[in-house]
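In order of appearance the chains are A, B and C, and numbering begins at 1 in each one.
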Amino acid sequence: MSEGLDLLLDVRGVSKHFGGVYALNNASLSVVRGEVHALIGPNGAGKTTLIHVLSGALPCNGGRVVFDGNDLERRPMHERVTLGLARSYQITNIFTRLTVLDNVAMAVQSRVRDWGSSFSFWKPFSLDSAIIGEAHALLAQVSLSGMANRLAGQLSHGEQRSLEVALALATKPKLLLLDEPMAGMGPEESERMVGLIEHLAQQVTILLVEHDMDAVFRLADRISVLVGGTVIASGSPEAIRGDAEVRRAYLGDEVA
Amino acid sequence: MTQLILEQALNGLQFGLMLFLLAAGLTLVFGIMDMINLAHGSLYMVGAYLAAEVTQASGSFITGVGVAMLGTAVLAVVLEVVLLRRLYARNHLAQVLATFALILIANECVRIVWGAQTLMLNAPDALSGPVRIGGFLYPSYRLLIIGVGALIAGLLYVLVARTRIGMWVRAGASNREMTEALGINVRLLFTAVFAFGAALCALAGAMLGPLLAVQVGMGESILILAFVVIVIGGIGSIRGALVGSLLVGLVDTLGRAMLPAMLRALFSPEVASSLGPALASVLIYVLMAAILFWRPEGLFPARA
Amino acid sequence: MGLYATTTRRRIAAVFVLLGLIALPWGMRLIGQEFYVSFASRVLIMALAATSLNLVIGFGGMVSFGHAAFFGAGAYCVAVLAESGVTSAWLAWPAATGVAAVLAVLVGAISLRTRGVYFIMITLAFAQMVFYLVVSLKTWGGDDGLPLLQRSAFGSLDLKDDSTFYFVVLAILAFVLFMLDRIAHSRFGRVIQSIRENEVRMEALGYPVFSFKLVCFSLGGALAGLAGALMANQAGLASPNLLHWMQSGILMVMIVIGGVGSVFGGVVGAVLLLVCEEAFVEITPHWQIGLGLLLLAVVLWAPLGIAGLFGWGRNRE
């Protein structure tokens, strides 16, 4: 279905098992450059496992992943980031004992290679105005400007989720993997996050894992449905809404 | 030649089994509480001193061993309740430092009580002679150590693999939160495991006393070997500790006995005589580094 | 713990301490206690060794239990070179630093594949390996160590003079501390501290974590080698004790007492520990009990060490 389109990510028959449990079983999906692609599925379907495999946090047991023309096999996590693949975590994973600004600055720094990269031992970081400026800009984008000098661990849950996204965003990825960015948020915070993702979608391709169906149908250009480690359907929101198998396997009456 | 190999293999087995007594307690403490306890070797030392003291006073080796095990277990309970408990939630660095402090204190206390000189601990007279196995004579006391070691190893295996307590211990080692969620009092369980491990330490100290010197600092060298054992075997795994102990015991003993001779066949005598002991003494560390290189979690990792 | 930041006040204090240390030999001569100048050199050398370990443990978050291997390697390197006629400090000290660095790269490349307890134990095992190898080599003096018949020649300076030697050691320590302070605030230093805080996240942000850790570990090893070279000169001997695992433990004790992850933590710890030892050993032969209790107290109640108690550690919010 996606032939002729500009594929940014192509996942072909990826499997991953933990002992006897198949978390991913021959899962395939493709993400077109520029789209917001939502990945939905019931709890334990293997969504997070797929994100882990894509980002390189877990090795897979079979299948291929091609990203932007590069075969990702055996590439360590940090190399994939350099290629333009960034992720956020379902369970907030930030530097709780660093300030919010330092969190983002660290993420910006990973990309900046102007002189001597991060193996620079001598020049004080406080003089790196370019990095700090960019970090402030990112904080403004996720509405955390007022919190720059607070410790990340002291932020509210919702603010930490925003910071989580800002960290991934700071690496200037081509593809942003967001694992349930709205997990545990109240309605107001969720609304703000949806707005943010809508805004980001103009700059970057997004693979969005999310349980909140309203958000998914609002944001997604295309949707893939993962059930029991296998992608059972991929298509436009309307097609997915109308797909009988999906309704039976997953959606139930929820979006009748 | 074969006789020599056989005899050294028995020595290696004997040493490995004693190492296992130390490693068993250590690996469980590691596995269940994620706690590094450098003071484990001090318990071994205290056990040996108690055994020497009581054996001399009572004239009975068995009484000495029994009292040593009991006394060391009691000491361990006190230590656990008063100090170690506060360390479980701390990072490894804090644990290393606090138990390093215990080593300093224990060594100095032993020096105050028993003095700096080496203590004598004699094997029971009945076991002082050799016995004939196959074609050669082997010290009967060493044979007793092998017997006791094998017996304890078997008992431990049954205890951990077959009983309810063992199941809790295994569960605690692989997933502590889950075990707690099942309503098992991990705290009490751990105190018990710790005391039990200390008693095994004391047993090893008492049994090895007549073979090695009972002296201050005896705990540290064997402690490091025990660490090598549990790291090779996989932290938290009793089976790993047994395999690791036997591996280390055999490789170390056989290496020391055979390597110089083997090198002599390959190099000039001068080279062999200077290289032999050097290589033999680092053999187990090379073994450990090699194993960790291929399996960074040891041979039998307890956690998936 | 946050990222390390040096305040102006801390810098001013450091300058005053440095001035005090420069004046120390004259002060000692004034009160007729010149003997202590040699002791002060030893303290500063241990401070350098502890500081190098603090880079690895405190900043890099790698709990290495085998730092003595690099310390001792530096000492033996100088002694072995001296035996074969190389006595120039300009050659021997960089060589010692380099040998320790290479050793650290090798040890680190294997050890850093492991985590947590395994890392602690494998670094300890490597150090034991070095210890037993050296002790069993009779050409290097075995248990007795390898004597260094005379101190290295340092240009026109006469290092046999205790005061001159002391000044050289002080200059090196001051330079290393200054360098460490720069590193702590540099991009590299921030990366390494962030890896200590959250390794997985750093990898996910695109940092080659392993390389950063290896560089930090090796830099620490190299500085320990330099300290070892100075120690062999101070003691006139490359002793197996420098390689002993107790030495690794003592270095750890120093940084924990002084302040883990604080630039001056190693110095504070070394000075406190050695001065206390010197003072108490006179009073009681059982000073080790006191040290043990002090250490327990620090671990239980002052986890950021003395530096933390006074708020001169890292930033505390």
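We take it that a contact is a pair of C-beta atoms (placed from the backbone, for glycine too) under 8 Å apart; a residue touches a chain by one contact, two chains touch by 3 or more.
These figures come from a predicted structure and were not determined experimentally.
Asker: If each chain is a dot and touching chains are joined, what shape do you get: line, ring, star, complete or other?
Answerer: It is a line, because the chains touch in a row without closing up.
Asker: Counting only C-alpha atoms to place each centre, which chain is farthest from chain A?
Answerer: Looking at centroid distances, B is the chain farthest away.
Asker: Need the central chain here, defined by C-alpha centroid distance to the all-chain C-alpha centroid.
Answerer: Smallest offset from the overall C-alpha mean is found for C.
Asker: Please report how many Å separate the Cα centroid of chain B from that of chain C, as a whole number.
Answerer: 32
Asker: Just give me the whole-number Å value for how far the CA centre of chain A lies from that of chain C.
Answerer: Once rounded, the distance between the two centres reads 43 Å.
Asker: Centroid from C-alpha atoms only, then distance chain A to chain B, rounded to Å. What do you get?
Answerer: So the centroids are 49 Å from each other.
Asker: With touch defined as at the start, can you tell me which chain B residues reach chain C in the complex?
Answerer: 30, 34, 36, 83, 86-87, 90, 92-94, 96-98, 100-105, 107-109, 111-112, 220, 224, 227-228, 231, 235, 274, 277-278, 281-282, 285-286, 288-289, 292-293, 296-298
Asker: In the complex formed with chain A, which residues of chain C make contact?
Answerer: The touching residues are 1-3, 182-183, 185-191, 194, 197-198, 200-209, 212, 215, 317.
Asker: For the complex, give me every residue of chain C touching chain B.
Answerer: Against chain B, the touching part of chain C is residues 57, 63, 65, 110, 113-118, 120-122, 124-126, 128-129, 132-133, 135-139, 245-246, 249, 252-253, 256, 260, 286, 288-289, 291-293, 295-296, 298-300, 303.
Asker: Which residues, counting only chain A, touch chain C once they are in their complex?
Answerer: Of all residues in chain A, those touching chain C are 55, 57, 76-78, 81-82, 86-87, 89, 93-99, 102, 106-107, 109-111, 116-126, 128, 151, 167, 170-171.
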